[in-house]
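Handing you this structure, nothing more for now.
For clarity, chains are labelled A, B, C, D, E and F in written order, and residue numbers in each chain start from 1.
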């Protein structure tokens, strides 16, 4: 994993959960488009963003789609580097076993290294 | 002061500073209109909102007006009850002597009482 | 009871509009009267008649209009907040020399005095912020 | 150096647009090339051609257009984010059956691919969020 | 008795502090939108002292996959219950 | 070396924590907009360890009446200095 994301082109930092705002959806859209354009993309779920990976999400009460279905398509787009801030998980009392996708947990030190290792960083 | 705001009609809570967003301006606009319509209005500066009362504010670098001039007109609108959250001040290392207008500082207990004492509460 | 809603969040950007609409429907279903929804701050974007969301997402502008028509709810948009954000009805477009209209009935541009009036007149005012 | 700016805040609602514009002017003054400003999330409201702010406040939509014309800066607006928020140019208005236009040149509706391209092509990309 | 409504998570926003500062001893607090995260056992400690007066909105928990993860001390209400809470309170104060 | 930009006050937002988590030992941090409150002596403690790498934007301090209130450990730069900081850093990362 370490050698994998070190030479990725784009790091998309997702700091918001589903349904509460459009940040998560718009960040994912940017990641998907970059991947479709042939860029190697890593996703970093940080802070509240880790809740995007909780299983059992549903459409909103007015029929809002949410983002869980998009996350399940990431592999099809060759987005395989899913990084999660360890601190973001523990702060909510969660562990990586609670999540719907396979992720790599990042210690604070590793997190700073990841930011240095990408040609472009977008925060959402 | 205590007996004054207890029977006010409207409490406008201002929680944002000048220049960073339109919240402070829009909250003040609501207060001024209510006062012009003959309502008794109290203002409560809370959290970052206390920075609205710092002296020496200036127009923004693009010529944005800010809100200091509006605050100086409050008396003309008969808005005389200016309440400040003590905790909001101390958290920034400020005291009521640092402020451009005469205010009443509220302890946490007094703050909750103020919310109960108004017919209508708007948070900005 | 007589209710009013103050909505200060933009549709699509955050959940405030969804929450307000759902709350509005629920209170009407419980037999209350919803006098008006007042749109302020970024909430004024709920009145954007040109909004074209994807078809598989809720169309909030249309949903507000439907609620207004079914239950005689006034949809009041703060005129000062709207003008800054590019939301004009025919009259304001003419007044500002703009050749376009972005707000139409049942949404109406109005002053903050209406908000004060609603707050005084209604039994409950519930705010949804971004 | 070649710069690009990513702007995600709405004008008037928060300071991001002011900060971005000021930064844009300063970098051009220092002799850099500003390739484009990309408007995403609520930043798309910077393209609202109907915006009518009070005359004693800066008119940000006009200020972006002036910058674009003076320094050949592309003003690229994310089309998906814009449509949801009621911002349409003539072509999109026709496609969605709307009888109104809220975006005009020099602003252009475009896809997120342009943002990716800018990020790769430019030496620096600076983001201004709300 | 007032109803306070919070729509942000105590994990990322300090708005919960303002709500708590504004609450009288018999006021109630309802968590909605991203605020429902505050109902997680790990975060509910920010609301210590509100036992019996702390509510969270069911629909917002559900859509986020959080319905089964709530702390037992939090009372889950649906949007109908939300309206009921506003009926029972003299006023509603929103913190966002 | 990266330049991190924060536009919210540590008194009300936890975004500063995310910026700090993302910083390498030689990265720099610039405070802009409401973020300049972090330059006040009372709040600068949130940025302990950044001595010599902590900057604040002059124009945003000035318009808020904060220019004379900055902690001595914070380097004040104008918008020209902001551009210069982005020139010197490989990349800019914004936290908002």
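Annotations
Keep in mind that, in the parts below, a contact is a pair of C-beta atoms (placed from the backbone, for glycine too) under 8 Å apart; a residue touches a chain by one contact, two chains touch by 3 or more.
If you're wondering where the values come from, they're calculated on a predicted model, not measured in any experiment.
Between the contact lists of subunit B and subunit E, the overlap consists of C, F. Hopping across touching chains, the smallest step count from subunit A to subunit B is 2.
For subunit E, the chain whose average C-alpha position is most distant is D. Taken over every residue number at the interface, the positions common to subunit C and subunit D amount to over half, indicating a same-residue contact. Centroid analysis (C-alpha atoms only) places F farthest from subunit C. For chain pairs C-E and A-D, the one joined by more C-beta pairs in contact is C-E.
The distance from the centre of subunit A to the centre of subunit C, with each centre set as the mean of the Cα atoms, comes to 34 Å.
Distance from the subunit A centre to the subunit F centre is 26 Å, each centre being the mean of its Cα atoms. Look at where the CA atoms of subunit C average out and do the same for subunit F: the two points lie 38 Å apart. Subunit D and subunit F have Cα centroids lying 25 Å from one another. Multi-chain contact residues of subunit F (touching two or more other chains) are listed as 7, 11-12, 14, 33-34, 59, 79, 91, 93-96. The multi-chain contact residues of subunit B, meaning those touching 2 or more other chains, are 15, 19-22, 47, 60-61, 64, 120, 123.
Residues of subunit C in contact with two or more other chains: 12-15, 22, 41, 57, 125, 127, 129.
Applying the touch criterion to all chain pairs gives A-C, A-D, A-E, A-F, B-C, B-D, B-E, B-F, C-D, C-E, D-F, E-F.
Those residues of subunit E whose C-beta lies close enough to touch subunit A in the complex are 7, 9, 11-12, 33-34, 37, 40-43, 59-60, 62-68, 79. On subunit E, the positions that touch subunit C within their shared complex are 5, 7, 32-34, 59, 79-80, 82-84, 86-87, 91-96. Taken together, the subunit B residues at the contact with subunit F in this complex read 15-21, 47-48, 51, 54-61, 64, 66, 91-94. In the complex of the two chains, the subunit C residues touching subunit E come out as 1, 3, 8, 14-16, 19, 22-23, 26-27, 29-30, 32, 124-130. Contact residues of subunit B toward subunit E in the complex are 15, 46-47, 85, 87, 108, 111-113, 115-116, 120-121, 123.
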